[in-house]
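Shared between the two complexes below is chain A, which has chain B as its partner in the first and chain C in the second.
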Partner chain A sequence: MIPEIGHILLIITFVASILQVVFWCYNIKKSDQITIDVLQKSTFINFIFILFSFGILVYSFIISDFSLVIVSDNSHTLKPLIYKISGTWGNHEGSLMLWILILSFFTFLVSRKKNNISPKLLPSIIGIQTIILCLFLSFILFTSNPFERVDTLPIDGNGLNPLLQDPGLALHPPLLYFGYVGLSVSFSFAVAALITGEINKEWARQMRPWITIAWSALTIGIALGSWWAYYELGWGGWWFWDPVENASFMPWLIATALLHSVRILEVRFILINWTILLSILAFSFSLLGTFIVRSGLLTSVHAFASDPSRGLFILIILAIATGGPLILYATKSSSFQENKTQFNIFSKESALLINNLFLTTAASTVLIGTLYPLFLDAFNGNKISIGPAYYNATFAPIMAPVILLMAMAPFLSWGIKKPKQISKKIFFLTTITLLGGMGLFIIEESSLFSIICGSLAIWLFTGVIVDFTSQIKNANVNLSSFKTLLLFFSKNNIGIHIAHMGVAVFLAGVTGEQFYKTEFNIKKNIGDVISIGNKSLIFNKVETLAGPNYKSETATFTLLKNGTIISVLKPEKRFYPIEKSQTTEAAILSDFWGDTYLVLGDGNKETGWSIRVYFNPLISWIWGGAGLMSLGGLVSILQSRTARRQVKSTS
Partner chain B sequence: MKSKLTIYNILPLILFSLIIMVSGYVLYEVKKKPSNQNVINSQLIGKKVPQIKIEKLKFVKKKIKNEILNFNKYTNKFYAVNFYASWCAPCRVEAPIIEELSNIIPIVGIAYKDKVQNTKKFLDDYGNPYDQIGLDTLGKIAIEWGVYGVPETFIINANGKIIYRHAGPLLYNVFQNEVLPLIRRK
Partner chain C sequence: MNPKYRRLLIIIFIIMTLGLATKLILMALEENIIYFFTPNEIKMKYGNKANIQNTIRVGGLVLENSVIEKDGITKFNITDRSHKIEVLFDGLLPDLFREGQGIVVEGIFQNNKLIASQVLAKHDENYMPPEVADALIKNGVWQGEKK
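== the complex of A and B ==
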C-alpha cells in the first residue's frame, strides 16, 4: 500500500507540473507578483511531493520490501543498513528518483530568490526548470517506474552489485547528480534570458553562485568516483578515460569554462552569447552523460543498470531540452547589445577567454574520443577502443597552456592596455620553475614529459603563492590582527587561490603517479620476500575468513623499510555468494608521499599466488587537489555572500 | 530588438542535430541486435529430487514426533512439488490452478516460512489440493531446492527427475501450454 502512495504522489506531481508549465506559457509575458507567487508555491509543493515519494522508496529499501522489483533486484536482508539506503540510488529507477529530487530541490531554492532575481526572469527560470522536471517525470512514469511490484515474492533480494557496496560509492552518485542537476539552474537562466531578452551584469552575478556550487559538487563527485576506482577495482589506476567517466568530465570542463566566462560578463559585460551557449552546453553535456550511461550503448564497469529501450526516451529528452534552446539561440542571440570594447591582449579577460577556448576544445576532444567508437561500431561493426594514448596526444597538450595562463591571469587587471608590475612576477615565476625543473632532471626516472608536467605544477603553485602574497601586501593587512585579516578575506576572493592551488596539487599528484610509479607483477608463495629498493615485503600467510555477506581469502604481508617494520598489509579477494561475484580488495598503505598498493591475484598453496605491487608516489595529492578545488568553490560562494551583505548594510 | 540568423548562431544547432541523428541511428542499430539474455534455467532440471528430510504437517494432534514426508510413494509416477505460504498473495492467485493440477497428478505442498496455524487456515480458506504437506519453517528446504521465491512449482517425472520448474504463480496459460503437455507425454 505504501509504495502505491509514492507512485500516486509522482503522478500527481507530473500532472501538477504540466499545469504549472501551461500556466507559465499562458502568462509568459507577465512578471507580476501573483504569477511569481503561483509558480513559487507550486514549485514548493512539487518538491515536497517528490521528497515524500523518494522517502517512501528509501523506506521500502530499509524494511527490505521485496514486493518491489527494484528492492528485490538490488537489495538483500543481510546487507548493512547504509548500503540498503544507498541501494536506493544504486540502480536505474532509484537514481532517476534522486535526479528529480535534486532537480525539484534546486528549483525550489531558485524560486525563493525573488528579492534578488529580476521579476522578468524569475517566472521563466521556474518555467524552464519545471519543463525539465516534466520530461524526467514522464521518463520515470512511462519507462522506469520505481514502485513496480513483483509477481513472485522472492525470499531474499538479489543484492546490490558488491562493487557498489562501498562508502565512497554511496556518496558518489548523489554528489555527481548534485553537480549535473545544479547546472540546470544556469541553463534555465540562459534560456530565460533568450526568452525575455533581459540580460545584464546582475543576471551574471545572480547566476554565478549556482554554477559554482554545481561545479564544486561535480568536482568532488568525480574525485570520489576516481578514488573508488583506485582502491576498489584493483587496477592500480585512478582514471581510465572510460566513456562513463568522460560523461561526467565533459560537463565539468564546460562548467569550468562557464565559471570564468560568467565572471567576464559580470565585470565587463562582454561575451553574452558565448556565456549563454556555454550555459546551455554544460547542462546538455550532463544530459548526454545520462544518455550514455543509461541507454545501454556502453558496456563498461559503470553499466550496472542499463536498458536500450530507455535510450530512445532519453534521446528525445535530450533533443527537446537542448534543441529547443539552441533554436532560440539561433534566432535571438544576435539581438543582445553588449559593451563594444576591444580586447587588450594583456587584460584579464583575454587570458580568461583564451583559457575558455582551450577548455572547450579539450571538452570536444573528450567528446570525440567518447562517441567515435560508438558511431564506428554502429556504422560498420568495427569495435575499437580509444584509450589513454589518444587522450595523452590530444587532451594533455591542450591543457598545458591552460595551466600556463592560469598562473598569470590573476596578475592581470580587467580591461587595461599595459600591464603593471607583471614582468617582475613572471620573471620570478620562471626562475622558480626552471630551478624546480632542474631538480626533477636529477631524479633518475625523469623523462621529458615528466619534467614538463612537474614544472607546470611548480609554475602554478608559485603563481598562486606570489599572487596571494602580493594581494596581502597591497591590502596592508596586519597579519596579527584577526579583524583586518577577516576584512581582507571578505573583500578578496581567496576561493580562487584555493581552487588554483588545488589544480597545482592535483597536477603534482598526476606527475608522481604517471611518471614515477613502480609496478611489479610476480608469482610468490608463502614465506617469500619481495624487495624493492630499500623496502621489502614478506609474504606471511593466506587465510579464509567470513564477512557479513561474503567470504574472503585474505593474505598477510609485512612491509619493511630499511629493516624495520612499517606496516602489515592485508589484500583480500571477496566472494559474494548471493550475487555470485568476486571482488578484489587491494591493501593500500597511504601516506603523504605516496601509496603502497597490493593486490592478491589467483593462486593456491602449490603454485603460489600472483601478486601485483605498485608504488604510487604522491597519488593521494590527486584527490587532495580535487578536494581543494571544490573547497575553493565553496569559499568563493561564501565570500561573495558576505561581500554582498556588507555592501547592503553600508548602503 | 532586431534578430537575424547568422551562420555562427545556427552552427551549434546544426552540430547538435548531427549528434542527435547519429545517436538515434546508433540506438536503432543496438535495438536491432537480438538480445542474448537467456532465461536462466534451474540448476535442478534433469536432476534427482534433493534428498532432505521434511517435517510433515500434522492435522490431528498425535504423539508421534517429527513425521517426515514420504517421497517413495511416488516411485514410477509423475508428481509436483509446490512451495507456497499463507502470507503470499500470488499463492492465492494460483490456488484454483493448483487445485486443477491436483486432479491430474499428486502434489506435495511445502509451506515456506509459515506458521502451522496460518497454513491450516489458508488450506481451510482455499481448499487443500495437496497429497501431503511439508513444513519449511526455517527456509532451509527452499535453499536445497534452489527456490527463487514463493510460489514456485516443480514437476518430477517417473524416474524421479525434475523436468520442469516455474517460478511465480502458475497462471492458466502457463498451465495449459507448458505444464499439461509435459504431463500428457508420460
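== the complex of A and C ==
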C-alpha cells in the first residue's frame, strides 16, 4: 500500500505541474504579487510531494520490500544499511527520482528569492523549471515507474552490483546530479530573459551563485567518480576518456566558461548573447550527459543501469529543452542592448573572453571524440573507438593557453589597461617558471611534454601567489590583526585564488601521474620479495576471509623502505555469491608524494599469484586539486553573500 | 585602434583558434582512431598473415578451454563462432573474464597473434559489448539479449 502512495504522489505532482505551467503561460505577461504567490506555493507543494515520494522509495529499500521490481532487482536483505539507502539511486528509476527531487528542490529555492530576483523574471524562471519537471515526471511515469510491483514475490533480492557498494559511489550520483540540475537554474534564467526581454547587471548578479554552486557540486561529483574508478576498478588510472566520463566533463567545461562570462556581464554589461547561449548549452550538455549514460548508446566500460528504449525519450526531452530555447534565442537575441564601450585588448574581460573561447573549443573536441564513433557507425557501419591518444592530441594543446591566461587574467583590470604594472608581474612569473622547468629537467629524466605540463603548474601556482600577495599589499592589510584580515576577506573574493590554486595542484598531480608513474606485472609466491627502488614488498600470506555479503581472498604484503616497515598492504579479490560476481579490491598506501597501489590477480599456492604493482606519484593531488576548486566556488558564494549584506547594512 | 579594426582582429582571432582546433581534431582523428574488427573480418582482410601495427580492437567470445597461463602470460582465443584469433596478454585479466564471456581486446597484431595491451569486459555479468553482440547476430550464432 505504501508504495502506491508514492506513485499517487508522483501522479498528483505531474498533474499539478501541468496546471502550473498552463497557469504560467496564461499569465506570462504578468508580474504581480498574486501570480508569483501562486507559482511559489505550488512549487513548494511539488517539492514536498516529490520529497515524500522519494522518501517512500528509500523506505522501501530500507525495509527490503521485494514486492517492488527495483528493490528486488537491486537490493538484498544482507546488504549493509548504507548501501540499501544508496541502492535507491544505484539504478535507472531511482536515479531519475533523485534527479527530479533535486530539480524540485532547486526550483523551490529559486522561488523563495522574490526579494532579490526581479518580479518580471521570477514567474518565467519558475515556469521554465516546472516545464523541465513536467518532462521528467512524464518520463518517470510513462517509461520508468519506480513503484512497479513484481508478479511473484521473490524470497530475496538480486543484490546491488558489488562495484556500487562503496561509500564513494553512494555520494557520487547525488553530487553529480546536484551539478547537472543546478545548471537548470541558469538555463531558466536565460530563457526567462529571452521571454521577458529583461536583462541587466542584476540578472547576472542573481544568476552567478547558482552557477557557482552547480559548478562546485559538479567538480566534486566528477572527482569522486574518478577517485572511485581509481580505487575500485583496480586499473590504477583515474581518467579513461570514457563516454560516461566525458558526459559529465562537457557540462563542466561549459559551466566553467559560463561562470566567467557571467562575471563579465555583471561588471561590464557586455556579452549578453554569449552568456545566454552558454547558459542554454550548459544545461543541454547536462541532458546530453544523462542521455549518454542512461541510453547505453555508446560503448562505455562503466555505464550502469542503461536501457536503449528509454534513451529515445531523453533524446526527445533534449530536443525540446535545447531546440525551443535555441529558436527563441535566434529570434530574440538581436534585441538586447549591450554596453557600447571600448573593448580593450589588455583588459580582464578580453582575457576571460579568450579563455571562454578556448574552453568551449575544448568542450567541442570532447564532444566530437565522444560522438564521432556513433556517427561513423551510423554513416558507414565502421565500428571504432577513440581513446586517450585523441584527447592528448586535441584537448591538451587547447587547454594549455587556458592555463597561461588563467594566471594572468587576475592581474588585469576591467576595461582599462595598465601594461606597466602587469609586465613586471609577468616577467617575475616567467622567470620562476623557467627556473622551475629547468629544475624539472635536471632532477628527473623527463620528456618535453612532462616539462611543459609541470611548468604550467608552476606558472599558475606562482601566478596565484603573486596576485594574492599584491592584493594584500594594495589593501594595506595588517596581517597580525585578525579583524582587518577578516575585513579584507569579506571584501576580496579569495574563492578565485583557492579555485585557481586547485587547478595548479590538479595539474601538478596530472604531471606526476602521467609522466612519472611506474607499473609492472609480476608473478610471485608466498615468501617472495618484490623490490621497487629503495622499497621492497614481502609477500606474507594469502587467506580466505568472509565479509558481510562476500567471500574474500586476501593477500598480505609488508612494505619496507630502506629495511624498515612502513605499512602492511592487503589487496583482495572478493566474490559476491548473491550477485555472482567477483571484484578486485586494490590495496593503496596513499601519502602526500604518491600512492603505492597493489592489485592481486589470479593464482594459487602451486603457481603463485599474478600481482600488479603501481607507483603513482602525486596522484592524490588530482582529487585534492578538484576539492580546492570546489571549495573556491563555495567560498566565493559565501563572500558575495557577506559583501551584499554589508552593502545593504550600510545603505 | 578604432572599434571596427578591433572587431576585425577579434574575428580573425576566433577564426584562427577554431581553424587550429579543427586541424588538431582532424589530425588526431586520422591517427588515433581505434578500429573495431571481428575475428571473421580479420581473417577476410588479412588471411592468416595478420601484421597490424596500428592499435585495433577485436571483439568476441572467449573460446571455451582455450585459456592457458604460463610465466605471467595468458594465452586464449576469441571467437565469433566462425573464426578464432589467438591472443597473448601479460596484464591482469578483468574480474569478469571467463570462458564464453563476450570481451573486447585492444592491441596490435604480430605474426597473426593479437598482442593485447588491454582486455575489456563489462562490470555487468549479463552484458555483451554491443559490437560483439552485433557481430554475433550477424553470424547467426546469437539471437540477442534474453529478456
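In this section, the second predicted complex is superposed on the first by the 643 of 651 C-alpha atoms of A that agree within 3 Å, B and C clash if a C-alpha of one lies under 4 Å from a C-alpha of the other, contacts with A are read in each partner's own complex, and residues count from 1 in each chain.
One rule holds in what follows: a contact is a pair of C-beta atoms (placed from the backbone, for glycine too) under 8 Å apart; a residue touches a chain by one contact, two chains touch by 3 or more.
For clarity, every value in this text was computed on a predicted model and none was experimentally measured.
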Touching partner for A:80 - first (chain B), second (chain C), both, neither: neither
Partner chain(s) touched by A:527 [first = chain B, second = chain C, both, neither]: neither
Partner chain in contact with A:167 - chain B first, chain C second, else both or neither: neither
Partner chain in contact with A:581 - chain B first, chain C second, else both or neither: second
Touching partner for A:398 - first (chain B), second (chain C), both, neither: second
Contacts of A:312 with chain B and chain C, given as first, second, both or neither: first
Partner chain(s) touched by A:322 [first = chain B, second = chain C, both, neither]: first
Chain B versus chain C as contact partner of A:331, first or second or both or neither: first
Touching both chain C and chain B, counted on chain A across the two superposed complexes: 296
Contact footprint of chain C on chain A as seen in their complex: 161, 163, 234, 296, 299, 301-302, 304, 342-343, 345, 354, 357-358, 361, 364-365, 368, 372, 382-387, 389-390, 393-394, 397-398, 521-523, 573, 580-584, 599, 601-602, 607, 610, 612
Sites on chain B touched by chain A in the complex: 1-6, 9-10, 12-13, 16-17, 19-20, 22-27, 29-31, 88-90, 112-113, 139, 142, 147-152, 167-169
Complex contact set, residues of chain C against chain A: 1, 3, 6, 9-10, 13-14, 17-18, 21, 24-25, 27-29, 31-36, 55, 57, 69, 71-72, 90-93, 95-96, 104, 120, 122-125, 129-131, 134
Residues of chain A defined as touching chain B within the complex: 66, 150-155, 197, 273, 277, 280-281, 284, 291, 295-297, 308-309, 311-312, 315, 318-319, 322-323, 326-327, 329-335, 371, 374-375, 377-378
